[in-house]
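Look at the two complexes coming up: chain A is in both, with chain B in one and chain C in the other.
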Partner chain A sequence: MNSTSVARTARAIALGALGIVLLGVIWEVYKLLGPAAGFELFGVQLLPRTSDVAMPHLWDMLARALAPANTSAASQPVWLAVALACLSSLGTAAMGLLVGAVVGFGLALVMLRLRVAESAILPWLVLSQTVPLIALAPVIVSWGGRVQIGEFEWQRWMSVAVIASYLAFFPVAVGALRGLQSPLVAQQELMHSFAAGWWKTLLHLRLPASVPYLIPALRLGAASAIIGTVVAEVSTGAKGGIGRLIIEYAQSGSSDPAKAWSPIAGAVLMGLAAAGIVALVALTLGRFRRNEVTA
Partner chain B sequence: MSPASGVKAVEVTGVTKTFPTKAGLVTALDDVALSVAPGEFVSLIGPSGCGKSTLLRLIADLDTPTAGSITVFGKSARQARLDQDYGIAFQTAGLLPWRSVTANIELPLQLHGAERAQRRDRVAELIELVGLSEFAGSYPEQLSGGMQQRVAIARALAERPELLLMDEPFGALDEMTRERMQSELVRICGETGAAVIFVTHSIPEAVFLSDRVVVMSPRPGRIREVVEVRLGDARGEALREEAAFFTSVTDVREALHGTPGAPAARGVESR
Partner chain C sequence: MRNMKRAVLGLAAAAATAALVLSGCAATPESDEPTDGELTPVTLQLQWFAQAQFSGYYAALDQGYFEDEGLDVTIVEGGVDIVPQTVLADNQADFAIAWVPKALASREQGAGITDIGQIFQRSGTLQVSFADKSISTAADLAGKTVGNWGFGNEFELFAGITEAGLDPATDVTLVQQNFDMNALLAGDIDAAQAMTYNEYAQVLEAVNPATGELYQPEDFTVIDWNDEGTAMLQDAIWANSERLESDEAYQDTAVKFLKAVIKGFIYARDFPEETSQIVLKYGPQLGASHQLWQTNEVNKLVWPSPNGIGIIDEGAWAQTVEVALNAKNLEGTTVITAEPDDGAYTNEYIQKALDELGDLDTTGEAFAPIEVTLNEGGN
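Moving on, here comes the complex of A and B:
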């Protein structure tokens, strides 16, 4: 871990925060200056209405987030309900990313080892990502429902994690393959001259060389896992996650418009948290991210 | 680990190497024979494309000859590679950027399962030998080209090989660094007693370093002449100014051009 990569990470965090602030400012400025009825062209709504129902003030959203979620006496405040749901979804997404990363890396190793496998597998990987998630979700849920091994019973959140991993494995597989193939012929020949076999070359040359490719791949994979988790929660009706909460709160509709924005903000923060975790992992690998040297 | 007497460090007999290319068959080497005695320093010199690198790669078992045979210390090139009988260094140092100087030199020892304590001692020796003690913890990107090349040489020496194969290791260095590295190499070879096959484009470099200079010609790659350089073992900087040195330079130059008294070897030294 060196100081330049720490500085780079700090800068990324600052820029991210600035982006959020800027988004808030644009929101309020548009609400203040935009046309009340929005803007329609040939019956297509191009700009949103600025009414309090369509676009509540930021401070109203914040106030709503701090208030109890519903009228019952035991009700949690909205922000806490959202935070707990985010944590649950983050856990599911992390599981999905873990599975996806392992599968993706495994596929990359197979493609590295067998040239034929690369041309045989890669098109299928690309194809797999074009299957709509909405179509996939019920299939996986119904398969999961049939899994029962002794005490173990398939849970709904596991289906969600599988769907998340289905999205997450792809960038990892592609990034890992590129990284593992990145060592120069001269470096490979050096390992050969040391009489190092395939596994030793993998461990001492290809793996470390793949790190600069793996980190952006993991970042993409993490984002995919989060999107996959939220979408899968919505489409499978899994309870406890942020996806469910987004639907639930949106149903309060026009009577409580500010409430619906809390889980959306929560989902955004969750994505940022995931990116932050990957960045932290990357920090510990700074040594492997040096540029190639040329004599 | 001294080789049995009479066994050559390298014995190349009747080696031909052709590469199939889109433009047809390229004959990189045609019926080449060369033998190098243990402890002997032999340079390969010749214009670009005459097969110097190819010959070195065949000896290193990075490629196999189309015809002919190569033995290294009496074994096949492949066995010699598996036994780590040679160390190799290329024009680009080829250091692993994520490893420190120490860890780069340590790599072959680590790959061959040497014990940690042993490794540490050997690496300390080697760093001392190439004069980089202050930079043991530095990373390649923090080193100059000359220093990187020294690390590569130390790495090549890690397994105490009886043979060093070097392909234009100083080709990318400036003239001053280059002359200093040549003196270092002479000293290191004196201390280790290894035989060396050294590819170069530079006539003075070949003469300064070598016991014999093998002059090659291109299309197809052949050995044109072998020039004996007898400058003795004490090769100080002063040697570069001695008459015997210039005589040998002239010998090599004439061998390169095929005609005695030919004009200065333009286009050879400059490459």
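Moving on, here comes the complex of A and C:
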């Protein structure tokens, strides 16, 4: 690492931190100066109220996060409960992303190989993403409940992972397909002139060429997997995850408002962590990333 | 050098991913412990997460009452989109807890389920208002903004408004209410729907900005649908009708299950503090004082049970059915369109369970609730 890249990294970190601080400042300034009753237009609440119930002070949230969740002796501090829940959800989301990426890439390969498949499958892929998640969740839980193979018993978190993968596979499938199709005709003909078959062309030309498309697709997929996980946890009440914790703490939203914000902040940090992990994976593929394409 | 760095990064990424995937696998505790061959596995589906609303079931689990009856009971928690009676009808649970009107609606849609134990003898639904609004009967709701949760939770309210000679569509402003009480506290709605054991406690756990202290019961007035005569039966134990008819082992299990549940609710009645601690063990994120309050309020809904706990009172059942048939919500629909058939409930199994429990106090005539002090936030 030379000095310019150090400076660049430092600058990026500083800007990132500044963004977070700015958000905090906006929150507190609005709370101080905003209209106490919020702002309503034609019965639609456009700006929130500034009361302590609706917008607790940041330092109250922080203090609440450090305090125990409840008065029972065995109670963990809120931040620890949130962190453990995030870890659990992150694991479920990672599982979902893994399954989603494999399925998505598989579909992309099929669509690459068979033109007919592309025309036949692609509309269904788009359609699949328009099914509302909350309609899907109970159905998948219900199907999961029927799965029992020997000692293996379907767990609630597996349904959550399936829902996460359902959201995650789509950007991967579309991105991978575009990437695999990206080599120019001239490049393909070159491979042909080497007497390289479909598989060899795939391995040496198409796969490397797909990386710049695949990485943004994975990033999108990771974000989708996180959203899918949290929503599915809320929907199915899967134990241990951050979605469930959001609901549990929201129940005291009127009486202990600062507490309800902790799992929300946790979910945001979890999303950032997921993006970070995908970025780490992407770094290892750096030699294929000649020019990354935004998905 | 660059390759080296890349390899290290790759390793780190792989390790992070692997750790996450593994932690995902380990996120749920192993539930299939080797069970004693003699225990019958039973699954109970709840409507919501572990909380003291289900005190008796958790007490029975914790105190080993199910095991004493030869049952290995798994309590499956609910969620926002989990419908217990559907889970039961789909044969994915052996028993389910559900409110009577909602279960009757599912029954009319074809779910083969039967009420075999009416644990809650009374309705726990209130409309809560600030005392200065002077709303203490359904008739007082005229011209007010009234919150309700919708999704089938609104029929006692609609029946009450209609009973008071008002038209729900024109004489009151009905608004969809969130599951917190912020709208009431902020003054957006005049009367908010609340369960005695949950949302009502939430307002009493909130700080009154005027005094800096918690709100007190005298700050509010409540409409109790039990007094208004439009109350509907709530938490009941539902069984699969088909299996109940044809499967003798299941009938036997039902009686055993009910016996253990009765003992669980007797425990909750006699030891509310211990019971709320048991519930906290299963839901460690819940507020401690809130759960004690909930245990106590649920006891009030269960006890006293003059005919014996779980017996379905014909009068209360008839009132529930009547409201379910006649009360129209804003869309003009009723809960059910026809009288439920005879298979909708039976006292056969609960009576057998009560008989077998003999000299235990299953009516709770002498029941007296405890005084619960709520902490801020229910913590």
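The rule is short, and it goes like this: the second predicted complex is superposed on the first by the 272 of 295 C-alpha atoms of A that agree within 3 Å, B and C clash if a C-alpha of one lies under 4 Å from a C-alpha of the other, contacts with A are read in each partner's own complex, and residues count from 1 in each chain.
By our rule, a contact is a pair of C-beta atoms (placed from the backbone, for glycine too) under 8 Å apart; a residue touches a chain by one contact, two chains touch by 3 or more.
Just so we're clear, the structure is a prediction, and the values are computed from it rather than from any experiment.
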Have a look at chain B and chain C on chain A after the superposition and call it: clash or fit.
fit
With the two structures laid over each other on chain A, which partner does A:A196 touch: chain B (first), chain C (second), both, or neither?
first
Under the stated touch criterion, name the partner, chain B or chain C, that contacts more residues in chain A.
C
After superposition on the shared chain, which partner residues are touched by A:P138: those of chain B (first), chain C (second), both, or neither?
second
Let me test your reading of the model: by the given contact rule, A:Q155 touches which partner, first (chain B), second (chain C), both or neither?
second
Just checking: does A:T236 make contact with chain B only, chain C only, both, or neither of them? Give me first, second, both or neither.
second
Thinking of the overlay built on chain A, is A:Q187 touched by chain B (first), by chain C (second), by both, or by neither?
first
Touching A:L245 in the superposition: chain B (first), chain C (second), both, neither?
second
Just chain B (first), just chain C (second), both, or neither: which does A:H204 touch?
first
On the overlay, how many Å separate the closest CA atoms of chain B and chain C?
13
Common interface residues of chain A with chain B and chain C?
287
Complex contacts: residues of chain C adjacent to chain A
6-7, 9-10, 12-13, 16-17, 20-28, 31-32, 48-49, 77-83, 86-87, 90, 92, 179-182, 185-186, 198, 202-203, 205-207, 209, 277, 280, 283-290, 375-379
Which residues, counting only chain A, touch chain B once they are in their complex?
184, 186-187, 189-196, 200, 204-205, 208-209, 211, 287-295
Would you pull the chain A residues touching chain C in the complex into a rising list?
49, 51-54, 68-72, 74-76, 81, 87-88, 90-95, 98, 134, 137-138, 141-142, 145-146, 151, 153, 155-157, 161, 234-241, 244-245, 247-256, 259, 277, 280-281, 283-284, 286-287
Chain A partner, complex, touching residues on chain B are 60-62, 81-82, 84, 86, 88, 90-98, 107-108, 110-112, 139-141, 145, 148-149, 172
